[in-house]
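The structure's right below; bear with me while I get my questions together.
Residue numbering begins at 1 within each chain, and the chains themselves are lettered A, B, C and D in the order written.
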Amino acid sequence: MASRIVSLKVNGQNEEFIVGALTSLQDILRDTLNYTSVKEGCRQGGCGSCSVIIDGELRLSCLTPVQEVDGSEVTTLEGLNQSNSIAALQQQFIDKYAAQCGFCTPGMMVAIQALLDRNPNPSRDEITEGLAGNICRCTGYLPIIKAVEGVVAEMSGASGD
Amino acid sequence: MAEYLQPGSLEEAAGMIASHGSSLAIVAGGTSAMRYSAPQAEHVMGVRGLGMNKIEHFSGGLSLGSGVTMSQIRESLPIPALQEAARGVGGPAVQNMATIGGNIFARQPYGDVAVVLLALDATVTFSTVNGEHTKKLEDFYASGAQADGLLTRIDCAAPGGELVYLKCGRRRFNSPTVIAVAACVGLDNGKVGNACIALGGAGKHPTRCAAAEKALIGEALGVASIRAAADQAAGACSPGTDSVASEWYRRRMIATYLTRALQQIAAG
Amino acid sequence: MAIKDLKIVGQPVKLRDLDTHVTGETVYYEDIRVPRMLHLKMHRSIYPHAKILNIDTSEAKSSAGVVCVLTHEDLPGKKKYNGLAGVGVGPEDESVLAFEKVRWKGESVVAVIAETPKQAEAAAAKVKVDYEELPAVFDIMEALKDGAPVVTDHWPNNHYIFPDNHRAAQVRYGDVEKAFAEADHIVEDVYQTQPIEQAPLETNGCIAVPEGGDGRITVYSNTQGLQFSLDVTADILGVPTSKLRFIGGTVGGGFGGKVDLQPEPITTLAAMRTGRPVKFKYTREEEMRVSSSRSAWRVEIKDGVMNDGRIIARKITTYQDSGAYLRFSSYGGMKHCGHMPGPYTIPNVWIDSIVVFTNRTPSNAMRGFGVMAGSFALEVQMDKVAETIGMDPWELRLINAYREGDMKSHQKEVEDAGMVETILAAAKLAGKQLPEEFQKMSSLDRKAG
Amino acid sequence: MSKLRGTGFAAVNYPTGMHLGGDPTQSLVHATTSGNFVVTMSSVDLGQGLKTILAQIAAETLGVPLDTVIVDTGDTDTGPHCTGTFASRTTHRAGNAVIMAAAEARQAMLEVAAEKLEVSVEDLETDGQGNIHVKGVEEKAISVAETAGAAHFELGKTISGRGIFLKTPSPMDPETGESDPDSTQAHACTVAEVEVDTETGNVEVLGFKSAYEVGQQVNPALVKGQIVGGAWMGMGHALQETTAPYYPAIDHAPGDFQSYVMPGAADMPSVECEVLEIASRNGPFGAKGVGEMVTNSPIPAIVNAINNALGVRITRIPVTPEVVLRALDEKAANAT
């Protein structure tokens, strides 16, 4: 089987692997690089728990062949943790009890960050549409929506509630 | 364990398809192929690097590369029905990945964008080792949706009338599709001059509904003709049963949603 | 301690794991890193009911990366589940790996352990099982008829046998038939629920790690009950409990979906056999189709009601669709009995709660086990009663709601009653105007209002 | 397009603890040298917040600051037995076990403090801020940290406690069903408002208004979390969710999150609620179990609301759009 070198910049770090067979980006991130915030809720593209940002765009790592992102910049929640922009969202999640079991939370954080990067002032409809690819079985979503609204209010200078 | 192939050109891709035949799966966005075809295939060919993600506008019409994503359609196409269909595919991450080419090959009840393309009487162009060939999307589906080479682009003219797309789902966003309806109707002196009715979830593939079109052409777009078209569509379609909806419910929704689409057009 | 003196209890303090949830640093079972880990995949039955004629694992064994293949012949000890052994319920009707017969589509037949998940999956697909398909039954009422296909020999009539050879867990309180004869109205209906998936975001799974030396195995598991899973695993494999250690406690959702004990015994056995760490994680498809669902329930209710709204008799026959094996359905059936007839004081109650076997994925616990379907049936029935006798549904419920000290049908006095207050609070919130005498009602005094 | 609105409600009760009892949970509490307290368990936190409320209960009982309490759970080698997290039992069982263990540890702590302060144990109280002082004489005090240090390094005493809670098994009489099955009962009443599209059968839940009676709330924010999450799950159960869409047939079993339909964030209506606290006799500080009940009241409330909107009697769940249309068809057929 022909193999090739794939280069990625993951969370600012240059990484190189030799890959031959079809390999998902998820497997590389979780198993090879130990970015365990990339959760494996379905490997079917249905739950959003493996969401990452690839070259500025929200995508699902489970359905992305790693060969197709050669030369790309990949950001997982571990990468976002190093940025200031995620801190306000994280605090809102804590204040609004927006996670229970926490398994969907990393994917939620990444998806919400991607939403806010694109649209810093989303309406409630835009928020729920932005969350449409991420399943949470615990919270009933309302606390998550409130957390996002809290961040939006903070960013626009209004009160968080 | 599938070998991963990355052709550097359309010619190379066409060659890989020719030499590997049915043992090859093609991955563009990955949202469908990575689940269904690629894991079982001997060879997987990634086509993201081929640059087939261009949108070209010409005299009201469009030429869409097969790698154009749902997000590109939502953000940069002037046709609201196509935007709405693309908006209904998955959540934001899926929309950044899923391509129009993948949508055309998607198993039902997926393939909502293809329903609109069908109503626009689009053509599909394949690249093969013997060169390019183009066929109508309708004929492509009528002959069993068999790929002949690599789907490179989809072309369509401007809508020949009022175009409406409606989807029946089970939740507001990121819903599986029960059925989808796209109706393009051109009025001529108060009567229907041309009608293109396309249905999703009504059969094995997205389908044109000639019976419904026939019921409209030459008639005033009103209660009687709309009812006749809806009855024809419900009678002519052959929807399937799956986890999301039964054949019975789908047939009923085809009539209901076609009625709603045509009423919307009639109301202007 | 009086409630008003509390300082920390009663306060909305921060959820402890939230700090790491939001950074993705919470460690779930599969986030631990173990070197040289193998992966287990299951070959599953393709028929809902079939005789196993032959199991051929030769091709799977020689498949790339395969380290070990396990069939029922490799099971040590008793091979069988008995999850409720601790509370003395149920015989052992289910094997860890099927032999002789499969009784539902998706039943575990052969476990394949390989170096990578893909290799294990590919090899599991190469297991060849010859079957003779048998007639299957899916409808609970069909299953109870004479001549229906028998799901398992443990239950020759396709229903569970409760103590003293009873067909049902039962409640007999007062005399319902006499009360029906005296009632102004008889209100009857049948209520049906369907199987439901718990769908935690994290699927069932575990990693079993041999600790070397003394032969201990550490199992990192997302079970909802650690000692419970340890005890059952030891019991099935016939190993002393001292040889096992279970680690977990931080789980990606449960909802009753992680009490199956399905992954742990076979994975532990695989680790014992290979001497290497083994991981078995359900795919999402397995979680939906193979892991136990919430069971389907059919609840038949017959009420005897007086013109003034008093329900004087309630007769309930409930059929719980257990699927092919018992798991904890008998427990759910008994809990159903204890819950019915709901938050109402009814002087004559007759309940039969029957557990029925069909060739369906075995069902098990889910949030509100035994109770959810009962509450659904009772509360839709209460609206029908109100409609039948022409009474406001709020007033009907308030008249019948239990008060402190009332006798329940299982002959325990009501304690900590609060149904009346809760109904009144909801009515107020929803803007429902109730007559003054109803507003004055209290759980502490039946005569109030 | 025809849309009809309806309102329905349902009143439910829910038992706390495993049916018929017999489900123990244990806890061990000990002080570290610097006056932190470790609560050792083998209970499982599924996300509902067990670790948080056990810390609250331990801190409350010990009379020490919350952030000095460490909950160590999830290892059968170190944590004593817990039957598991189900049956709305862990707050009640584990909470009571923690109270018992923490009370014993508190007594040991006060004994050490009494020896150091040369007073009797009965004269001491904790301030919840990390200090122990003589009642009414705040200056005569010793910190918890100092007390723990003295216990370890001067007096050679342990500050620790053991706790267990067991509701002794109550077998059910096979004939009459006579039994003592539960520890306490919580209560809920939910009002749901729906809008039904009579052409498509689609049901939209417009809002929930509910009252819950849950005994003493250990953590109101986490109770609210259960309420909202439970309302969402109940809505899914009422309208969409099933692994056997054509029950009793086994065909078309969903295998992914597209085919197993659940409501999305956009489908979730507002949840208004009032929480009542009628203390249970035997719960920790009067708490009752809440995690399961919250799913139960929305389901019949929604079905009753649909029946109210349409003038039909649907008696099965999930009430899919197809179920609605078939009920309307039947109603129309009966009317003619």
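Definition applied: a contact is a pair of C-beta atoms (placed from the backbone, for glycine too) under 8 Å apart; a residue touches a chain by one contact, two chains touch by 3 or more.
Source: prediction; values computed, not measured.
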Chain at maximum distance from chain A, centres defined as averaged CA atoms: C
Which two chains share the largest set of C-beta contact pairs: C-D
Interchain centroid distance [CA atoms averaged], chain A/chain D, Å: 30
Chain centre separation (chain B, chain D; CA means) in Å: 48
Computed distance of Cα centres, chain D from chain C, in Å: 18
Multi-partner residues of chain B (at least 2 other chains): 1, 172-174
Residue list for chain D, restricted to those that touch at least two other chains: 46-47, 49, 221-222, 230, 233, 245, 253-254, 256-258, 260, 262, 264-266
Chain A residues counted as touching two or more neighbouring chains: 42, 44, 46-47, 97, 99-103, 128-129, 131-132, 135, 137-138
Chain D residues within the chain B interface of the complex: 1, 199-201, 240, 245-246, 251-254, 258-267, 321-322, 325
Chain A-facing residues of chain B, complex: 1-6, 27, 29-31, 34-35, 38-39, 44, 46, 48-49, 71, 90-94, 96-97, 172-174
Residue ranges of chain B in contact with chain D within the complex: 168, 170-176, 178, 241-246, 248-249, 252-253, 256, 260
Chain C residues within the chain D interface of the complex: 1, 3, 6-17, 48, 87, 105, 138-140, 162-164, 166, 169-173, 189-197, 199-200, 223-228, 230, 244-256, 258-259, 284-285, 288-289, 293, 296, 321, 331, 334-335, 337-339, 342-343, 351, 358-361, 365, 367-372, 375-380, 382-384, 393-394, 397, 401-402, 409-412, 414-419, 421-427, 429-430, 432, 443
Complex interface listing, chain A residues touching chain D: 42, 44, 46-47, 97, 99-103, 125, 127-129, 131-132, 135, 137-145
